[in-house]
Amino acid sequence: MKQTQPCADTLQQARLARYSPGSTKASARYLWPLAALILLLAVNLLLDASFFQLSFQDGRLYGSLIDILNRSAPVALLAIGMSLVIATGGIDLSVGAVMAIAGSICANLLLQADLPLALVIAAGLATGIAAGLINGTLVSYLKIQPIVATLLLMVAGRGVAQLINQGQIVTFLRPDFAWLGSGSWLGLPLPVWLVIAMFGLSQLLLRRTALGLFIEAVGCNATASRYLGINDKAIKLFVYAFAGFCAALAGMISAADIQGSDANNAGLWLELDAILAVVIGGAALSGGRFSLLLSVIGVLIIQSLSTTIIVSGLPAKFNLLIKALVVLLVLLLQSDKFRRQLSSVLPKWRKGGQA
Amino acid sequence: MTTPSLVLELKQVCKHFPGVKALQNVDLRLFAGEVHALLGENGAGKSTLIKVMTGALAKSSGDIYFNGQQCHFASPAAAQRAGISTVYQEVNLLPNLSVAQNLFLGHEPRRFGLIQHKKMQQQAQQLLLRFKLNIDVTAPLAQYSVAVQQLIAIARGVAMSAKVLVLDEPTASLDSSEVQMLFDVMRQLREQGVAIVFITHFLEQVYQISDRITVLRNGSKVGEYLTADLPRSQLIEAMLGKELQQLTQQQAATAVAKQAEPLLVLQQISVKGSLSDISLTVAKGQAVGLAGLLGSGRTEVCRAVYGVDVLSGGEIQFGGKTLTLQQPADAIKAGIALCPEERKTEGIIGPLSIRENIMLALQARRGWWRYLPVKQQQQLAAFYIDKLQIATPDADKPIEQLSGGNQQKVILARWLAINPQLLILDEPTRGIDIGAHAEIVLLIKSLCQQGMSLLVTSSELEELVAFAGKVVVLRDRQKVTELSGDNMTAQHIMQAIAEG
Amino acid sequence: MMSLRYLPLWITAALLCLLFGIGGWQFDGFASLAVVSNLFSDNAFLLIVALGMTLVIISGGIDLSVGAVIALSGVATGLLISQYQWHPLTAFALIVPAAALFGALMGVLIHVYKLQPFIVTLAGMFLARGLATTLSEESIAIDHSFYDAIAEFGFALPGGGWVGASTMIFMVLLVLVIMLMHYSRFGACVYAIGGNSQSAQLMGVPVASTTIAIYALSSVLAALAGIVFTFYTFSGYALAGVGMELDAIAAVVIGGTLLTGGSGFVIGTVLGVLLMGVIQTYIIFDGSLSSWWTKIVIGLLLFGFIVLQKVLSRRTALTTVAGSTAHG
Amino acid sequence: TTIGFSQVGSESGWRSSFSESVKREASARNIELKFADAQQKQENQIRAVRGFIAQRVDAIIIAPVVETGWAPVLREAKRARIPVVIVDRNVQVNDDSLYLTRIASDFTEEGRKIANWLMQKTDGKCNIVELQGTVGATAAIDRAKGFNEVLSAHPNAKIIRSQTAEFTRSKGKEVMESFLKAEQGGRNICALWAHNDEMALGAIQAIKEAGLKPGQDILVVAVDGVPDYFKAMADGEANATVELDPHLGGPAFDVIAAYLNGDKDIAKYINNTGELFSQDTAAAEYQQRTNK
């Protein structure tokens, strides 16, 4: 079938002479978020000399770094789900509420006479998936705009969680479930393992099959994707269900962590942190390419920032101010234009960069 | 004719994108009262040159002189204020605004600072009458087909052109009658001393209208010629850097079609609000052409067969079985593929790479679970980049960074890769340079010979005649007639379109 | 024939009347001018913020900072009046331009550095609220004769209704914004940018200045809303308006504006806010819902409404299209 | 009688108990209660009060979300001759005829009480870490004020770390973890002072996970007196709390009933600042509270 013309090769070579491939590397995308993270950690070190110290106590690692990892677990899970939703050009505001629902379902089941742990976890995850399916149906089949569709569940969902708990914090005494939140394994807290597992499995699911590519295609151009045979509605349904699943897992971790389900406050405003993390990781809210790793880096940046603020000892009323400034700085660092301006202002820096 | 004055001059202009030297030391001279054709194969740098010239892109180096003075346009708005109006490639209008708003954006008639909507609509109506378009100017632009949008874009450019009018492939989706209308308008403007830059891949049009030609190749200027002095063969050689192999005009496809069994049978299909009672048959290994004027319903037939629009009546039979199509995926499963007309919104997936754009349809048919190994993806991409002569440094470049014609080739490759039973091509050669054009026509023929059936829409009747075994003529979204065999000439088709 | 473009508006209005009718039939005192005028005066600040939000969303952006700007402008007003003894009008004269600057800066970040509006304005939200808490954690009461005069200003309607200063300010702003959006070149540019900012750029729209102006305007309207909010509560408080950006966005979207930008009507937003207000009023009149059922019912009512709106407009659109082709 | 009740929201378990008790009390007294949840927003509360006025209820109870900004709407209620009872928090108005009475605990006093207890316990020598409530919340500001007032008289006691944990259990745990790390694993800390019990309960878990004994290695004091906290005290993991009684419905209805029956002589402020509880009585109290 291949029909080559006599001079085509040389011609093609002549054409390609003006191209120099591979000048924009994918790794460049990782540079600035990572730089921001390292910078923040360095600031922490300045504030508290013992910041990087790790010790081994009661069979687990103990130290501020571990705390950051541990504390970022719920948001990291949310961000993994949110990355996919955002990749399709959507957004999910309901994940915080879904966390609360999943937590309250589990807590109430745990109060029932000895239900097996697996059943409780399965029920929690199923709630998350169900919530996600509701969102997904609203978005893809009823064509309601994602912000509003998920806002509905954000409002009503917390109501449902409170209804289940009757507005109280439902505490439970189940060491096996609590282990999910505060246990540890091979020295690392269990939530960290859960994130690692979820990250790995998602990565396998998305990159070893065509699912990830389909999600990106739908996010870049849903019409064209439908024209080439991708079921864009099913893809959207899937990402919301997936986000619901992740949110439920996050909700269970938070509930296990305090050994109680706080329907009023569990996951409150965490959706914003998750979105922020995904965007700090460089994703476009209009949809398109996603990178779970970058989203997780984004989460770590946010969590280190929180830790920095707590460690810094500044009055609490400055928290938001600092957060705003750091976020702006991180965003600006990712802007080519800003870096160019910065390097022209700082000539030394430019020399260093060229060398 | 008085001695023409130099309006715009580009000297040693360079433009570099990351990884690509799109323009290298290009000169361009533009005189008042001339039509200047800017020619070159896909990816030669024509559109980039236009964008640099009109402030849409910042140049890397070089100088621009306007009316003898060196100048620098910071934005298209600045160029517009100076008297240069531009119709860019790919219709760059706003689908959400009404036709009238699109025509007058930034120049709305006002009183006391408030826009006079009524007056604007009247003026818009009049402006479009110049192009024989009698449409509802208050309706959103998105309601109209690409061709109509193209005309509206041209009308906007014409209405605002003071000294220079730049048209980047304005005729790509126009039929011959519209092209003639456009040429009439261009001649009038030329008379008035307006300088016009005209980009096209149709050489007849170049010889019909242009006075002077500048040819680009691989981002550099090959030369500037007077149209009258440059024979067609030399022009082609200048553009391609080689001679074009002559197409052998053979009527092979017709013969096959005679005895072959029918593959696609449309029985009186209708779509609510767009098509009524259309019947046609496509045989195995046959190429059927769809001809008609703007808005005659060609695109809509394609969409109906592909399951984009849901039928309100009639029946589609495919390979002897009745098809009920809810979405394109159903059609693809049955073995039908569509290469859509609106490349930007329905074809390319901009930020994804060429490789991914090529393999996606194949992958969608395999399902999400059976991922095509990256190695095979690369082979596939390399094969088609080579076969269709897609100008790109590597297969991992985002498709949106390719030139228009090269994007079209990638979309074509996407469908060839799944090897469908029936391939529907809606304006497949839109914006494709003549070298590639010849190759695509050859390709279509060879596909037919291998047993693939084709349903092709094209505004170029010659092209249709060249490979189609049968041409179906549509008017007002109804079938007028079918032509085949000796009847099937451009002449006859024209007649059928006109009279019915 | 009624233009199809206005169809969603009519449907929204009809549903609003329907809900109001149900309320009136169910509860005494619901269908009264007092409730209608309360609808405006209780929501004046939200209406004003939503006007700005409409502008931003039509341009294809979003502004999450408005709730925090309300708080900041309220706290600043309170501080200047109560602590520094400024006259309210002088305080407003400082705050409004400052808000314009704040919005313009966000616009610059969005346009010049190509950062995403969602995130820039989220940072703006943190910043404004952070500034507000830094200025004063405690709520500042405002006690000034000007405020008393404002509270008295207005005229009564029969049946206990009252049109006060806030309502009037909103009405004036509404007319101005409608003029701006539907009858000025600036408005046309906003729609153009929302449609496709690249195309708009190529068509000669001054994208930079328009984008900056849009965000500046949104912040100005938010600051005005903050001032109206101080008329409402006679105080400035750093935690005022938490989550109000989401209310405003919801109202805009319910009013038929697409979040992708490029289409929508200012008046639709007003209907959206009123609808949410009627739902609130309905729940208050009912008075039997617990905290959680309140949330669930609000969610369900909004959901039912949005779905009804979708279904109705799709069905009517289909029948009108079919009808027109049958005739034509 | 019909009575409108404008509640702040349902941000905590304490708040929910409060709402529930008002409802229970109302149905016991055959009062038709119009309940309006404001979801932490003052504008919603004002809207609700105006809605009550439009419905011509017999009396209105407000649990205000903020102290300021009530004068205009209270004036409207007065014009409509509807008595208003303010519960839980204070309101700042110049004219105290705008409301019938105010039934509230004194947040500053709560702070003082708990501080006094702590100073006594530690002989005025203590490094304290503080978990603040939501930034800007009245309860947080005033409790801190009262606490610091007492502390200023004890030069050897000081707050070494202070950060908001937003009144929630999970934040309490998170912030406490950081405090422990920052203060040499907690060896530096003598006491934890949390603006509410929930945060303290979260922090107790953090202390335990860090290998210390809450209640002994680090003293724990807070305010509210929720059942879970009594349990923690009974288990020896917390030391003291000042109760904030959520059963405000009864007193409010009593006052309203008296007023409607023509009693014009009603005190403007009914103080119900709760008692301080410590480990001694905790077990019994917990029993009593969970049985109810």
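Letters A, B, C and D mark the chains as written, and numbering starts fresh at 1 in each.
Just so it is clear, a residue touches a chain if its C-beta (ideal position, glycine included) is under 8 Å from a C-beta of that chain, and two chains touch if they have at least 3 such contacts.
Computed from a prediction, not measured in an experiment: that's the story for all the values here.
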{"item": "Chain whose Cα centroid lies at the greatest distance from that of chain B", "value": "D"}
{"item": "Averaged-CA centre spacing for the pair chain D and chain B, given as whole angstrom", "value": "71"}
{"item": "Inter-chain centre distance, chain A versus chain B - centres from mean C-alpha coordinates, in Å", "value": "42"}
{"item": "Intercentroid distance (Cα basis), chain C paired with chain A, Å", "value": "30"}
{"item": "Of all residues in chain D, the ones touching two or more other chains", "value": "10, 16, 19, 135-136"}
{"item": "Chain C, residues touching no fewer than two other chains", "value": "133, 137, 290-292, 294-295"}
{"item": "Shared-contact residues (touching 2 or more other chains) in chain A", "value": "162, 167, 317, 319"}
{"item": "Which chain pairs touch, all of them", "value": "A-B, A-C, A-D, B-C, C-D"}
{"item": "Partner chain A, residues of chain D touching it in the complex", "value": "10-13, 15-17, 19-20, 132, 135-136, 161-164, 166-170, 173-175, 177-179, 181-182, 184, 198, 201-202, 205, 209-211, 228"}
{"item": "Footprint of chain C on chain A - complex, ascending", "value": "93, 138, 142-148, 151-153, 155-163, 167, 272, 275-276, 279-280, 284-285, 317-325, 327-328, 331-332, 335, 337-338"}
{"item": "Contacting residues of chain A [partner chain B, same complex]", "value": "2-3, 5, 7-8, 11-12, 14-24, 208-211, 213-214, 216-217, 220-221, 223-231, 288-289"}
{"item": "Of all residues in chain D, those that touch chain C in their complex", "value": "4, 7, 9-10, 16, 19, 23, 33-37, 39-44, 46-48, 50-52, 54-56, 66-72, 92, 94, 134-138, 141"}
{"item": "Chain C contact footprint on chain B (complex, rising order)", "value": "56, 75-77, 80-81, 86, 88, 92-97, 101, 105-106, 108, 110, 113-115, 117, 138, 140, 156, 272-273"}
